[in-house]
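Below: a set of structures, written as structure tokens.
The two complexes that follow have chain A in common; it is paired with chain B in the first and with chain C in the second.
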Partner chain A sequence: MLNLHLYMAQRLTAMIMAPLTIGHLAVMIYAVQGGLNVAEILARTQGSLAWFIFYGSFVLAVSIHAAIGMRAIMFEWLGIKGAVLSVISWGLCLFLLALGGHAVWAVTFAGASA
Partner chain B sequence: MSESGKFLQVSIWREQDGDGHFETFEVPRQDNQTILDVVAWVQQQADPTLSYRFACRVGMCGSCAMMVNGAPRWTCRTHVQKVADDNRLEIAPLRNLPVIKDLAVDMDPFFDKWVAAEAVFEPTQTRDDPMAPINPQDPMRIAASDAIECINCAVCYAACDVVAANPDYLGPAALNRTWSLVNDIRDDGQDARLKAVSGDGGCHNCHAQQGCARYCPNELNPTLSISGLKRATAKSLLGWGQ
Partner chain C sequence: MIRPHRTHALWYAFVLHRLSGIALALFLPLHFYMLSLALTDPAQLDEFLAFTDLLIVKCAEFALVFLLAVHMFGGLRLMALEFLPWSSRQKTFAASTVALAFVISTGFFLQAT
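Here is the complex of A and B:
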């Protein structure tokens, strides 16, 4: 069940995710080609505001985009509606945000001072 | 090759007061026989209590649509030889609409959604004003003309899986009509119209599966019209005009 605002939120987050996904794949190929190990990768990401913004904005976009898509599927396939649908959708969004945010924080700032 | 002497096994949905089942009839096969011919033969020769709806019999009025072997069809223009499966036919009332009796469905929800989608012309002038000049080559007029030959048969509505999943969804026919009016330069109802198709049952629910375009007997493409509405509403939200 999509209205204009949910539709726009899903399209705009898709527009954010597309270049970030390409950037992520490019970085992965570069890292593998260059033979970087975990420690060398973390040395580049720890304390980096740029990588935090790069992957943080991706996690935020994914959380919104996926929750809206799942909301439509839950409504059309499972018949979930009303307040229950909103609570589950928001819950899924926050769950993805927490998981992704935790991972992004771990590779950027969590161990920066260690 | 002549079809004379052969018979069709025709299963027809019978329903009254919410209790329904298929009933099978043996119908003589004819050359150039339509599905509506088959239903009329059953009603006239086998069971006069069979209820169904038709009017013009020439594909103009949009009254006689039914599900034929699982697909929505305008029955007056659908030849048996095109859809019969080994001389078997299954004829049922249109999907996604409540049954009144047998093959006749209640079209009220379908037409209520035309009104809900603001698919009604809002004139800018009166009958006393001169005729508005319309350039047939204007891109907006071309878009309007591409969507305008709808006969309100509800075949697209029956074909739409989003309507099946979301009873509030306005559906391809109403939204197609709305798109033709969005492109009508004589119309003055655009703000209300774009708002009407932006709610929980609006155009943004369409998954572009194109069942409507596949089955439309007039070969219209409501999916394309709905895509136009999505663009128009998005531009309106962002303040980009149309």
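Here is the complex of A and C:
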């Protein structure tokens, strides 16, 4: 169900995400003061290569991490296995990657180039 | 009948890590979709962000921040368990992950309200 590559990918993405999660929590606690609106979010992120790299790597890591985690749960708790398990896991990874990539692009460079 | 291992504190830590992971995985698509509205429909995103001013929504956000923090700290405990020399204080570490997550999510909630 989890071979060595998937096991290591799960741990590696977790190690990458630990500092990113702490950064994300800090940004949330800072940004939520006084409420949130689109202009405020975009003022912080738009045109920023640093935020693009920060959240881009976060999305990449979380897509892999979540797909492998859900793969283990689907196998252990739902009894899904074989090709079906692989198709669902890959589908979830690509789904999160596409949605997350679009979200990161939307708040960093999409508006800046419009 | 409850099996003995399912009354152990570290079994609860395992379940909390797994359930928080499932909840976060289910929340992520919604989170990404909402952020994408900054590009496709900023007015709708502003409406949604105004909706998050409701106390009940802030309580849900508190829960999400708690789940994110407890999943991260719980994951760090698991990796320490796997990759570092064994320590017998696993129950203390597990309790600490919950305490730290509670401190962070409470900090978020206090700033949000």
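Some observations on this one:
One rule holds for everything that comes next: the second predicted complex is superposed on the first by the 106 of 114 C-alpha atoms of A that agree within 3 Å, B and C clash if a C-alpha of one lies under 4 Å from a C-alpha of the other, contacts with A are read in each partner's own complex, and residues count from 1 in each chain.
Everything that follows uses one rule, which is that a residue touches a chain if its C-beta (ideal position, glycine included) is under 8 Å from a C-beta of that chain, and two chains touch if they have at least 3 such contacts.
Just so you know, these numbers come straight off a predicted model, no measurement behind them.
The superposition on chain A brings chain B alongside chain C with room for both.
Within the superposed three-chain model, A:Leu6 lies in touch with chain B and out of touch with chain C [touch as defined at top]. When the two structures are aligned on the shared chain, A:Leu99 is found in touch with chain C, with no touch to chain B. More chain A residues lie in contact with C than with the other chain of the pair chain B and chain C.
Of the two partner chains placed by the overlay, only chain C lies in contact with A:Ala14; chain B stays clear of it. With both structures placed on the common chain, the touch criterion links A:Leu42 to chain C but leaves chain B unconnected. Once the two complexes are laid over each other on the shared chain, residue contacts for A:Gly69 go to chain C alone; chain B is not touched.
Angle at the C-alpha centre of chain A formed with the centres of chain B and chain C, after superposition on chain A: 60°, rounded to the nearest 10.
With chain A fitted onto itself, chain B and chain C come no nearer than 5 Å, counting C-alpha atoms only. Shared contact residues of chain A with chain B and chain C: 11. The touching residues of chain C, counted against chain A in their complex, run 18, 21-22, 24-25, 28-29, 31-33, 35-40, 42, 45-46, 49-50, 52-53, 61, 65, 68-69, 72, 75-76, 79, 82-83, 104, 107-108, 111-112. Per the touch definition, chain A reaches chain C in the complex via residues 11, 14-15, 17-18, 21-22, 24-25, 28-30, 32-33, 35-38, 41-42, 59, 62, 66, 69-70, 73, 92, 95-96, 99-100, 102-107, 110-111. Those residues of chain A that touch chain B in the shared complex are 1-8, 11, 72, 75-77.
Within the complex, the chain B residues that touch chain A are 162, 165-166, 168, 198-200, 202, 204-205, 230, 233-234, 237.
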